[in-house]
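These notes open a run of structures that come right after.
There are two complexes below, and they share chain A, which is joined by chain B in the first and by chain C in the second.
For the complex of A and B:
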């Protein structure tokens, strides 16, 4: 097997709150193989976006990596200096965000914003960079790209803006693209187009993709493997087919069962995950999901379940599995 | 069942147009046709879904039913009364019977009011019961949606999105309404919380015989919650019918595209060739061209689709579609 593009190993991240440090990511490990799409799945506050920010070296204020390693093609990124990280960002790792309107600069035409990336990382002249920006817009299937190049973000639809974001992110042909809820702000028919585009880009360029989402449907559509996160910890990770057909962790089972699908029996109540996500500062020594888990025993509340690989590539952290 | 019960709510040829400023000094004033000549009926005790993407007119339609916007043409009949003509005191009294649950549980609750006050507001406005009875009713409502009585002293910011949405539900039920409009009630919530709210709404409907109008862009949610549904596109109903038929046997290319676009955990079992894709983005609802509104995005569009707007016609019992190509 070829070495992973990205390897995250035992990553621990802390937030310095007023009442002391809070662990926002706990012993997180995963690999992304070349050309692979890995999904990080979970609800708000589970740490999936924090993971992405740690990878690109842009943790929010008062958040720091306590221990662990993040390597890109073998190069260590934890502790790397700002210059190195800024060379890597936008070049070998790119990221697209949920809301393309706030991620684009409203006062510059989109072409210039794409060109800026190419000038910074590839040292192209303004002219060369604009030519390449045009190619980038064509690569994301924007119709009438010559005209769009000179337009401002407010002149574009939501779907078009997300395409521009993607064009900007892949302009330097990154090894890894991180997509943080890339379609949450879009209508469903446009979302499907963006998924098609990401699939197509991945096939054409061989880049790896990390998809951050709360939607198991999106995972099924796009990802090869998935890591289910809960309260800063990976509770289950597996190839997607395996995860959807035989989820082991009660939280994963809940996440899959709580979504009404077109063929869900409307006379049967949906599976509920009772309660809500605990505050990260209130997590006890045991499993963070124990308070919401129907299978929880005393042991679950007192001892942290270790992550154990059950089948090839299918790891679960639960005392009941 | 009497005729009134059969069609508890009847929307007939409803249009809501907004005049816009002309583009130039001498050009024609433009019109935004948010809702354009739509009709549907809802039977008492059932749930009617309205599906569509942003700009389809689904929220404007229910805003008209709630009398929050003025209508341009058409009629809205509710339990035999012409809802669109009511005004003043008669409208205020009528509003008891119609309530709404909003999409965003953050902006729809007054951050400076305590939960008890929020839920009590409709009772005060409608002057229902004595002071004491109103207090008792607030406790009962909060309990109904899963709060302890002490919660009435708390403020909205002390609660999560799902809990706030429960407050919105308690407030909507305060006046014992007969028709409740649910405008994307779960789309701002985490998936695990969505199921809690959907189960709660279903239970309340069963226990109280409520009639729901349920707006959602999520077909799975509509299929689960509703008996009948209409699919809207740029102000028009393009297809309507029982949710069972609509989603198992969709006839309009837009409905097909919506179904195919929905990320599903069964995505891997569906052949990719089955997928109907809508092309490009929805056009502007201003100055809509003649012909079918979906034609510019439709993979099957023909010449006649661009020239003539298709009428909604029945293709099987209770299943109507507006498409030249659907027989």
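For the complex of A and C:
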């Protein structure tokens, strides 16, 4: 097996709150193989986006990596200096964000913004960079790219802007693209187009993709494997087929139970997971999901379940499995 | 879509269209252009030395072929007003330039970097803010020889805290916006974030502030000259008002007319500033 593009090992991240440090990511480990699409799945606040920001070395204020390692093609990124990280960002790792409406600089034409990334990382001249920006826009299947190049973000639709963001992110042909809920702000038909585009780009360029989402449908459609996160911890990780067909963790089962199935009887009620995600500062010594779990036993509340690999890369952290 | 037939819409053309809809602002712009034209080309057309004694002192407007009369030494008032504009505008513009350069630099660094940089720069800013500006400016002028340059520098040194605070606030706001974070995620370094992302987006309120600073600086120069702290070898509106003030009851025109021109200049600059504010501030711009 080829070495992973990205390896995250025992990552621990803390937020310095007023009432003391809060662990936002706990012993997180996963690998992304070349060309693989890995989905990070979970509800809001489970640490998906925090993981992405930790990888690109831009944790929010008062958040810091306490321990663990993040390596990109073997190069350690935790503790790397700011210059190294800004060289890596946009060149070997890129990230696209949830809301394309606000993620582009409103005062410059989009072509110029793509060209700037190329000039920063590739040292191209203005003209060369604009040529490459045009190629990048064509690569994300924007019709009439020559014209779009000179347009301002406010003249483009949401779907177009997300395509521009993707063009900017992949302009330098990164090894890894992190897509943080790339379609949440878009309507459904555009979502499908963006997924098609991401799949196509991955196939053409061989880049790896981390897809951050709460949508199991998106996971099924795009990902090769998935890590289910809950309260800053990976509770289950497995190849996608395996995860969808035989989920083991009660939380994963709950998430899958929330997807409506067009083939089943419409009168069958969707299941929901009772309760809410606990505040990270309130988590006891046991499993964070215990309070919402129908299978919870005394042991679940007092002892943290270890992550145990069952079979074929399927790892679960639950006492009941 | 009607694209292609239309001239390319940019934030700048949008602002210009919106500016043109504001009549007061257009009037102000016209006034400024007139005044600048007068000060630049007036001396070439009306060839009278403003320092020459041409007639009896304190002649009322119209007498002896002098359209605006004479001052207390018998110098031509019209020549004084035309030539005085150069000093007033030059000092006003250069003082405003200095004010904005200092203010934007300090504010940008404080707002972008935050932390101890911000704290240190803000303490310095507050130090300048609590001193009475006129007294401080007078002291600075007196420390050097009163000249147009020292007056401009002194005005710049006392006025920069206001734009510094404005810039800092804008930088702190824009620094946290999505497109700045996204640019960071694409590998943009601090210099690029400051110059290409934050400063252009902070420009609208800064342009307005710069315009209003020009008005304030012209007024400030007038005040200093009025108090006799200007360059006494360069005619300026403030100097004329100050010198003729003792004769106000006998010859109102000698003090009032330069004052009216000064007033119109500052008014025009303020109207333009106001128009720019409406045009560049998207919240005030009508849809």
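The working rule: the second predicted complex is superposed on the first by the 320 of 321 C-alpha atoms of A that agree within 3 Å, B and C clash if a C-alpha of one lies under 4 Å from a C-alpha of the other, contacts with A are read in each partner's own complex, and residues count from 1 in each chain.
We adopt the following convention: a contact is a pair of C-beta atoms (placed from the backbone, for glycine too) under 8 Å apart; a residue touches a chain by one contact, two chains touch by 3 or more.
Keep in mind that this is a model prediction, so the values were computed, not measured.
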First (chain B), second (chain C), both or neither touched by A:128: neither
Touched partner set for A:43, first chain B, second chain C, both or neither: first
Which partner reaches more residues of chain A (counting touched residues only), chain B or chain C: B
First, second, both or neither for A:195, with chain B first and chain C second: first
Touched partner set for A:29, first chain B, second chain C, both or neither: neither
Which of chain B and chain C A:86 touches, first, second, both or neither: second
First (chain B), second (chain C), both or neither touched by A:215: first
Parts of chain C lying in touch with chain A, wherever the complex brings them together: 3, 8-11, 177-179, 181-189, 192, 196-197, 200-201, 203
Partner chain C, residues of chain A touching it in the complex: 56, 58, 83, 86-91, 94-97, 99, 102-108, 116-117, 120-121, 147, 150, 152, 155, 165, 168-169
Contacting residues of chain A [partner chain B, same complex]: 43-44, 143, 157-160, 187-193, 195-196, 214-221, 240-241, 244, 254-264, 266, 269-274, 276-277
Touching residues (chain side chain B, partner chain A) in the complex: 53-54, 160, 162-163, 190-196, 198-199, 202, 217-221, 223-225, 243, 247, 257-268, 275, 277-278, 280-282, 297
